[in-house]
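Here subunit A shows up in two complexes: once beside subunit B, once beside subunit C.
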Partner chain A sequence: MARLKGKNKIRDLLSGYSFMAPTIIILGCFLLLPIGYAIYLSFHKVNLLGTVSYKFTGTANFERMVDDPRLWIALRNTVKYALIVVPAQTILSLVLASILNMKLRYRNFFRVAFYLPTVTSSAVLVLIFMWIYNSNGLLNYILESFGLPTYNWLGDPSVALLGIMIMNIWSTAPLFMVIYLAALQDIPENLYEAADIDGANGWQKFWRITVPQLKPVTFYVVVMGIIGTFQLFDQSYIFSAGSGGPNNATLTMVLLIYQYAFKSMDMGYASALAFLLAVVIMLITLIQRLIFKEERLN
Partner chain B sequence: MKQRLSTMLVLMLALVMVVSACGNNSKNGESASPSSSASNGASQSPAKEPVEVTLAGWGSSPEEQALLQQVLDEFQAKNPDVKVKYEVIADQYMDVIKTRLIGNEAPDLFYLDAFEAPALIEKDVLEPLDGYVTPEFDIDDFEAPTINAFKSGDGKLYGLPKDTSTLALFYNKKMFADAGITAPPTTWDELMSVSEKLTKKNGKKVEVYGLGQAPELARQMFMIKAFGGQLSDEQGMATFATPEAEKGLSLVIDQHTKANTAGQPSDVGAGWGGEMFGQQKAAMVIEGNWAIPYIQTNFKDVDFGTAEVPTVNGEKGTMAFTVAYVMNKNSKKKEAAWKLLSYLTGKEGMKTWTSKGFALPTRKSVSAELGYDKDALRGALVAGSSYATPWQAGSTLPTIMNNFNNQFVAAYTGGSSLTDALKKGQETANKEIKAAQ
Partner chain C sequence: MRSINRFRPLFYVLLSVYALVTFIPFLWALSASFKSLPEIVSGGIHFIPKHFTLDNYQTIFKQEPMFSRWFMNSAFIAISVTVFNLLFNSMAGYALARIRFPGSTLMFYSILAMIMIPGQLTIIPSYLIIKELGWLNSYQAIIVPMAAQATYIFMMRQFFISFPKELEEAAELDGLGRFGLFFKVVLPLAKPALAAQTIFIFMGAWNEFLKPLMLMSDKSMFTLSVGLNTFKGQYISFWNYIMAASIIMTIPALLIYIFFNRFFVQGITFTGTK
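Here is the complex of A and B:
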């Protein structure tokens, strides 16, 4: 009996793994192998152009980070960007979702209209926004007609990152709006009815029922938002034509990694930076999990 | 139960076959290239099949593209055994070329800007051309500075310059006449006073700048040299944070931040100097030969002239930009590639290529024949080549440039003082250079 059982087990295992094999191979080739290779590279000085050589340098690539002023600028820009964009887009998407959840006229039209920016390719969005941000462009025209100061949005280091922030909040909020909208429709109606009987007003209902009920979704939205903002690349790349300028104002972590990898051809250091970015994102996500868990206990 | 086992076996077998088929495919792919190169070798001997040579360059105006196609067609008519495949790399040219060199997928011939040349020569990915050059090719015919830009430290030649341009002062004749200015400025002091007359303001906002500037190293390197400054030393370390360099560069910065009679293209919503000048938002710009056909085709109503760049500190100065054709060291069709290369940079090919004035020739004989030194618009550019600073400074220039530009813009937009900006830029650049060694 026992032997038969063992045989069965092996066969089950075998059939199980053989069905998973395609996925395991694909994931292994295109996900695990590159990750492992990047970690391997991050401990080497790599020369790819001309004579290919891998020289083991231990932690030299990581030590180099401490003394790399451009890395700190990139990190500062990225954190600043995340700190402004994530709360702004989360609040905006919640507000938009709540509005669209009301029984408005033409709300299907608004749902589609609000979602459009997310459907548009980000490269196209950036090009359109670069036209809006032009010194003689739409935004300055509007600012001027209200008597507000105008800026050289593309050339002035103090506002260049802000320009990308505005664009990104506008284009990502609708995506999270759809997620909130789905979650809003899941909140049981009887909670609101009970609140009505207790004499709560609209604001109290929103603050005491809607927001707490949405907490798991908010966690998801914030985590995805942070990961997205930390991986900001295409917008600042197109905005600055790959330079991260003016004056490093739009230099983000991923753009810096790109510059080291494909402009300086320093794959070892670029891999080490990518590794750092992964660690930073993981840490932030862990901290977020702790915060959200704690509140759930309360 | 047995049936199930056999089904599983069949499944496994199918998987193994799929995986091994993939492996076979890649092997076939590898074996394909030697056989194709073997057939190339055969075609160079009497056999007929033409060899395909790939030529890559960055994009340019449709007119220029058509002219290059004309040169290539002429070449193919004369050399039926060589077929040219011309590729345009639209964006981030050097990134693409470097990546393709690593992947062994690079074109046989490609454009190379003088400023990137030392780094690629150092990496040993370019074919030395000394062995190919024949006496008929007449290599001494090239202007010395343009060809020296593509030589390694030990004097080996790695590229043949296809065309060149210096910078000259473009001025709007109508605006000059309206402001009562009769001749273009010849010294920097004159340039500043003229700029003041030409600048038109609406309240506080400048509508027309006297001078359009480009706050970047490629355009300002000669200003560093004007008072005896140096961009970098022999070891490739940045040395631009000196009082001498600052003196020249402050002329650029002060005219923008203090006098407010000069601005950069993005201040008035233009993409680059030529556009700024064409849209009549700057009365003068310092641009190269490429701006002439651009303004003539896109802004037909702008009447403009050119003059040599005004003297700084009593010395003439400008920048020179040269582009060459280089050969990939790993090319499998070097003989055919040289045929094309020697035609493109030979007297005949260069004459056609530069005949319409989109680019200036690097061969003395072609220059003399086309007579650009007497051309009303291009004379100033040709004159500049005798004293121009070539846009090149060792293999570390890309790093230096990136850091200089970032800090220079900070000073240009008033974010920091020029002294601090240069110091910071130099420090960062040198740190990066040291770390990369």
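Here is the complex of A and C:
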């Protein structure tokens, strides 16, 4: 019997590792190894000409950030972006989800339709919006017909970022809407029934039951929204043809990292920036998980 | 419920307005793709083309001989990535859920930790590793690093853990080994989870922009997303061509979405609340 058990153990060991083998190789080579490599690169100056060579520079890459004006521009853009996009998409997705959660007809049609932007590639979305934004394009036509001022959306630094914001609110709100929809279905029905007996109207029920019950999900949506703004790349890159222009108005953190790494070939400094960005994102995620867990325990 | 009834028309109006907001950019793009350049330049705002034409679609394939190549590159990469992920993620998820072996707990927690690592951290070192391997401008440069993904390994593990054990035990009595069991019994029963994975992985690979941008410098190896971007640079203000190309890129993802739509919500709520 003992021998049989031992044999089973060996069989499990073999089959376990053969099932895991592709994952171990792929994630090991292209996720674990790069993480260590990224930290290594952050403390070195990398020379890419000929054979790659590294020179240890200590914390020089990190010290350099303080005096990097473009980094501060990218950070300012990210903050501006987050302050408008995150609240707007959170409210929009909550409102859409709440309406869809009522027992209305055709709700499935609306849900499927609203989700459409989320499945479209960012490259395509940016091109469609650039076509709408061009000087004599659809948006200016609509603004004009309402007697509102028109803008050079693609070339004017004061509105270029706003153009990307509008597009992003439009394309990410549906994703969060689906998350809200799922959470809405988990709210116990008897809370609403009790409120009905107390004579609460729909509006009161929304503010007193729905919104508080959704607090953990809202927290999640906000955090994901903030992380998303830190990770913005495709949109700015395509919009500005890789420059972050006009006049750095659409420069984002990841675009900055890309430019340092692949335009100035300064991989050490770019890695240090990426390292810092990753630490910030992971801290935000971690805080969210901790608070989320507490919420669930309460 | 009386209050809802009173406001019902208002809610329908709101939903319809937002549906319009969602559709208009797509319709406007679709309309431009069937218009001639003079009609586009003249600037009138009408969604139905005055002179309906398919020229734009023909021209992009003729004038940009690489366009069909980019389409094939995207398709090949997206399909390969999807197939590998379905297989590898399920194998890993199954092992973590069902097989006890030394190191399995450590691996499980490593996978959980990897989900939290933002992709930006590994962009530059991955580029250098792929360059060192001599893989720049090759399909494997994109396919191999994307062939297994921690998020979906976790998803499959959760799926298999809530899976009834009895079926597997019965099959084991019939003398099927671990591999036979996995491929003949477990995988066929995992279809809903595989469908949810298919959508997200295919879309992710099909729409990927940064990776091909940095790994493919040879024009013949571009994917559609990167090709589309250079196309825009070349044909600037030829919005009729750019929109036709955009529509072509949207169709495959759209078909997958319509086809697998019912698995969508399931998948999002999973990745959203993990």
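Couple of notes before you dig in:
One rule holds in what follows: the second predicted complex is superposed on the first by the 253 of 298 C-alpha atoms of A that agree within 3 Å, B and C clash if a C-alpha of one lies under 4 Å from a C-alpha of the other, contacts with A are read in each partner's own complex, and residues count from 1 in each chain.
Heads up, the rule we're going with is that a residue touches a chain if its C-beta (ideal position, glycine included) is under 8 Å from a C-beta of that chain, and two chains touch if they have at least 3 such contacts.
Fair warning: this is a prediction, and the values are worked out from it, not measured in the lab.
Shared-chain residue A:F262: touches subunit B and subunit C both. Contacts of A:S243 after superposition: subunit B is touched, whereas subunit C is not reached.
Of the two partner chains placed around the shared chain by superposition, subunit C is the only one that A:A278 touches, whereas subunit B remains out of contact. With both complexes superposed, C is the one of subunit B and subunit C in contact with more subunit A residues. Legend: residue contacts after superposition of the two complexes on their common chain; A:S15 is shown touching both subunit B and subunit C. Touch criterion met: A:L49 reaches subunit B, while subunit C stays clear of it. Of the two partner chains, neither subunit B nor subunit C is touched by A:T57. Contacts of A:N101 after superposition: neither subunit B nor subunit C is touched.
Once the two complexes are laid over each other on the shared chain, residue contacts for A:L33 go to subunit C alone; subunit B is not touched. Judged by the touch definition given at the top, the superposed model places A:N136 against both subunit B and subunit C. Common to the subunit B and subunit C contact sets on subunit A are residues 11, 15, 22, 134, 136, 262. Those residues of subunit A lying in contact with subunit C across their complex are 11-13, 15-17, 19-20, 22-24, 26-27, 29-35, 37-38, 41, 52, 95-96, 99-100, 102, 104, 106, 110-117, 119-125, 127-132, 134, 136, 138, 141, 170, 174-175, 178-179, 181-183, 196, 201-203, 220, 227, 231, 233-234, 237-238, 241, 254, 257-258, 261-262, 267, 270-271, 274-275, 277-278, 281-282, 285-286.
Put simply, subunit C touches subunit A in their complex at residues 1, 3-4, 7-8, 11-12, 14-15, 18-19, 21-26, 28-29, 32, 43, 45, 84, 87-89, 91-92, 94-96, 99-104, 107, 110-111, 114, 116-129, 132, 144-145, 147-148, 150, 153, 177-179, 182, 203, 206-207, 209-210, 213-214, 224-226, 228-229, 232-233, 239, 242-243, 246, 249-250, 253-254, 256-257, 261, 264-265, 268-269, 272-273. Residues 5, 8, 11-12, 15, 19, 92, 94-95, 98-99, 101-102, 120, 123-125, 264, 266-269, 398-399, 402, 405-407, 409-410, 413, 415, 427-428, 431-432, 435-436 of subunit B are the ones that touch subunit A when the two sit in their complex. Remark: subunit A residues 11, 14-15, 18, 21-22, 25, 48-51, 64, 67-70, 134-137, 152, 154-158, 242-248, 262-266, 269 touch subunit B in the complex.
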